[in-house]
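What follows is a pair of complexes built around subunit A, which joins subunit B in one and subunit C in the other.
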Partner chain A sequence: MLYKAGLDIGSVMAKAVIMDDRDILSYSIRPINGNFAAAAGAVLEETLAKAGLFLEKLDVIGSTGLGASFLSCPHMEITDVACQGRGINYLFPSARMVIEVGDQSSRVIKLTEKGKIADCIINDRCAAGSGRILQIIAKVLRININELGGLSLKSTNSVRFSTGCSVFAETEAISRIAEGTKMEDIIAGLHYAMAIKIYGMAQKAKLEDICAFTGGGAKNLGLVKMIGETIGKNLLVPEEPFITGAIGAALMALEKAGSPC
Partner chain B sequence: MFFAGIDIGSTITKVVIKNEEGILVSTAQPTGAEHRRLAHEVIKGALKKAGLTFDQIDFIVATGYGRINVPFADAQVSEITCHMRGVSWLFPGVSTVIDIGGQDCKGIKVAGGRMRNFIMNDKCAAGTGRFLEVISDTLGLKLEDIGEISLRSDNPAGVSKTCTIFAEQEVLLRLSEGVSVEDILAGLHKALAGRIHSMVSKIKIEKDVVITGGGAKNAGLCKYLEERIGFPVLIPSEPLITGALGASILAQEMAAKTSADEQVKKERKLEAVTFFDKED
Partner chain C sequence: MEEKKKKKSSAKTLQTAREAGYFGKKMLAGTRQAYEEGKPVAWSMVDWWMGSTITKAMGIELCYPENYGAFCASVRKAEPNLDYAESDGVPNTICGYARNCIGYTRKLKENNFIIPEDSPSGGMPKPLFLLACGAVCDARYKWFQSLGRYMEVPVWTLEFPQTGVNEYFMGDNKKDNIKFMVQELREFIAFLENLLGKKMDWDNLSGKLDTFFKTHELAHKVDLLRKSVPSPAVCTDFWSIMIPHLYMPEDPEALDFYQRVYDEVKYKVDNKIGAIPNEKYRMLFGELPPWHTLGIFDEFAEKYGVAFAFESWNYHVPSPLPDDERYGINDPLELIARYSYHKFNEHAQVAREQCMEPTLFTAPYMKFVKDYKADGLFCHPLISCRPATYTLMHVRNLLMEKFKVPSVVVEGDIVDLRVFNEEEAHSKMEAFIETMDHYREVRKKEGFEW
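Let's look at the complex of A and B:
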């Protein structure tokens, strides 16, 4: 039996999974809180404890994400696009396109049958379409980010945002609040603006029939629905969208290492 | 005769009252969240400063984002025209106006006192005054101070991200790496100047260049813009009010064109507009 761990140390969240030959044994997610090294160590320990394993038991550790290099134990660093692709391929073998909405960027990844990357479009130059704006708006509305999705589904008359810029969207949202617009309509409008941006990226990469949606943005049901409607596809959403990158990291680390025994 | 120009910008509301001789008073105050309702308050303040009453004003021109919400204005004119007129009045030799506002940035080409071309960014906060506002907030500094502070740097930090939101995070990263605040600010001002310069370059930057708007009050930004442009630029002593000034000049012209019998004072009420009495 081989045990493999995957860590995805993102800009906001640290994610880890431990897998054996067949299944995911345990996973864990925790906020970075400004200290990558501490978060990476803690999230791995937590996951080990949940799986009832020790660090020495792990045959291979793969890591990915912005803070991957902060992990102190021996590990293999793998690019995050490859990990997302591989993770989604493991969960949804039929998916040929992955939409990822993370905190710092949004991405559209095209996959081959084997889960290799065929094409990738990344928007990391502008916060429009990334998850960052969801955090900003949640703060403006004084609600928890987890509530956004549910609220937006109640909207009947979503607000039109005039620009894609996240900074201006914040200002616009504040004006709308001052005018007495319902919170759910503001959130739905924001989701729509994000969906349009992502649709544009998906079109550039040529839309595929079977699409998966992952990253923190996929936890927002309102956003999932809005993107699905905008691009006209049913989206496959993992049970835990945060850990797809970590799953991919674990799988790819093992593949790259070959079978050690 | 007295003429007033009121410029309701996204961030600051400006009023200029003039007569045939020149500017009598000018005021500038934050627009605030309820900006549209406050137009009458701002003009009251300016009138008080000038020692005039509302009835004495012959013609009022409103401009800026909030111009349609000034119920007592006699005419509304776009801010691009007003800026161009205001700047041409101050600097007759002007050829290029760069107006750095709170929420947008414009380049205006002028020849012989007439507008030839213009370019504008109001889609992305990077390249507007808003960028500086966000950054000064992040650093816990006053917006008025950051330009001066940036001038103290001799080693501007590299700022790669163009998006305001990402720049904010990059600032925090640089701070955690121990880069000094003045170097970070210098890097940011340089990046902003670069963005503005490349936008305005599309309409060709020619002498004389005048920088207006809130951005012109930032010495750091002006220095880096000047470096990029390659020759000295002109800055009005009060860069905020050029739009309102242009509006008041237009008010004077419009009043002159109005025939004498029309000039029998219109019934004007100095009052607030409410948000909900108008469908937009």
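Let's look at the complex of A and C:
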């Protein structure tokens, strides 16, 4: 039996999975809290404990994400685009396109049948297209980010944001609050603005029939619905969207190692 | 931030490429010396050789603000000029070369036209006039027009016909365009003669043209040699060796230099010596490079075995003029006009076959991709340059549609380091390697040759 671990150390959350030859044995997610090294170490320890394993039992460790290099134990760093692709291919082998909304960027990744990258469009210059804007607006509305999805589904008259910029979107949201616009309409408007950006990216990569949605943004049911409606697809969403990159890192580490180390 | 973004120049793979910086320095030093001696000096845009040889034949030393912008960026000293231009109200979406030049010129004028001591590579002296060119880019019209007013020096703009693909093949279109360009050049010479109070030395011009064509023929042969696998030279080599052929091909030293470049590249081809030791992928680069971070291409070579086999259509010499156009023409102005026109239209047939517009910046890539067996295209859209950006997206789509060759897009700027994200470039390239692998398989299945 081969044991492999994958870690995705993002800008906000650290995620880890442990897999055997076929299945996911355990996973953990914890906030970075400003310390990549501590979060990476802790999330791996926690995942090992859940799987009932020790570090020495792991045959290979793959890592990805902004803070991957902070992992202190021997590991193989892999690009996060490729990891998301492999992770989704493992969970949804029929998916040929992945939409990922993370804190730092949004990506549309086109996949081969083996989960390799056939094309990739990244929006990483602009916070308005990434999960960061969700955090900004949640803060403005003084609610928890996890509440955004549920609230937006209650919207009956979504606001139209006139700008694509997160800085101006924040100002605009404040103005709408001052005008007495309902919170759910503001959030739905924000989701629509994001969906339009992502639709443009998906069109650039030539939209595929079967699309999956992952990353922290996929935990927001309102955003899932809005993107699905905007691009005209039923999106496949993993049970735990945070860990697809970590799954891919584990799988790719083994691929790259060729044989266990 | 300043600390983090340290200089990242390329090591280059050709010995001759490492020596090519001499020509940039020679050009600037030549203008400064001429200025000191009271001789005429002018600033010229890249004009694809239409007016510059004529200007030099009249005894005027030239320097090129676009080249100077690239130099300032390459030593990471453009930002103070950019900031100074922007603080004067110049938007940051204006061409990076123009902003660098405007910032520099403002400093020059505020220092009573004594070159500021901290100017990279010694700086450019005040010009007697500005030679503008209407080819390719709209920003260049206003850039020199405003500089002319600012420095109170005359501006001469050479109009350069931008022929559409269908128009190129229409009846007398080419003949009429050449006639127009020749007339432009005659008027330009009249302007120069009036400005300098002396007549054109036609023998001098013919002599310079002779050297010019010899230099360019060698440069073209080098381009052809680069089709070899493994690639004997890469983009970072080219962006150095291009200085003599783009800016001073009539200089005998440039001709000697190109003979050495040719010999070096030929030796590598004959002995199958690759520019990079582990060539796994061959890429094209379009179009204008990030001068501030050329070292990144060395990193791509080392990490992924990517050889940038060909690049930047606009900087390359065209193929030699057909014999009937070269040897049957006695008027040197017509020869110049034909050659510059040829540069922009030699791929018109490719454009027609592929049903595409425009020829410039796009059709050449349809040829390069096959000739240089490219696995991918690195697109570098510039926030401050429309002509070299909108065409890239067109090229990207066409290469995929017609040749199943994918592209990676990394935004940036030629001069402005502040809008280039190295991490982004690395992360995109890393993912793109898989994409190139995938499309190699696709091309194989579809019967492409590479």
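Assume the second predicted complex is superposed on the first by the 260 of 261 C-alpha atoms of A that agree within 3 Å, B and C clash if a C-alpha of one lies under 4 Å from a C-alpha of the other, contacts with A are read in each partner's own complex, and residues count from 1 in each chain.
Here is the rule we use: contacts are C-beta pairs under 8 Å (C-beta built on N, C-alpha and C of every residue); 3 or more make two chains touch, one makes a residue touch a chain.
Computed from a prediction, not measured in an experiment: that's the story for all the values here.
When both complexes are superposed on subunit A, subunit B and subunit C end up clashing with one another. Judged by the touch definition given at the top, the superposed model places A:Arg132 against subunit B, while subunit C stays out of reach. In the overlay built on the shared chain, the residue A:Gln104 is in contact with subunit B alone; subunit C does not reach it. In the superposition on chain A, A:Glu172 contacts neither subunit B nor subunit C.
After overlaying the two complexes on the shared chain, residue contacts for A:Glu240 are found with neither subunit B nor subunit C. More residues of subunit A are in touch with B than with the other of subunit B and subunit C.
In the superposed three-chain arrangement, subunit B is struck by just one stretch of subunit C from 41-49, 59-67 or 77-85, namely 77-85.
Counting contacts by the rule stated earlier, residues 124-125 of subunit A appear in both its interface with subunit B and its interface with subunit C. Within the complex formed with subunit C, the residues of subunit A that make contact are 79-82, 85, 109, 112, 116-122, 124-125. Partner subunit B is touched in their complex by these residues of subunit A: 11, 34, 104, 124-127, 132-133, 136, 163-168, 171, 174-175, 178-179. The residues of subunit C lying in touch with subunit A in their complex are 406, 409, 411, 421, 424, 427-428, 430-432, 434-435, 437-439.
Those residues of subunit B that touch subunit A in the shared complex are 10, 33-34, 103, 122-125, 130-131, 134, 161-166, 169, 176, 275.
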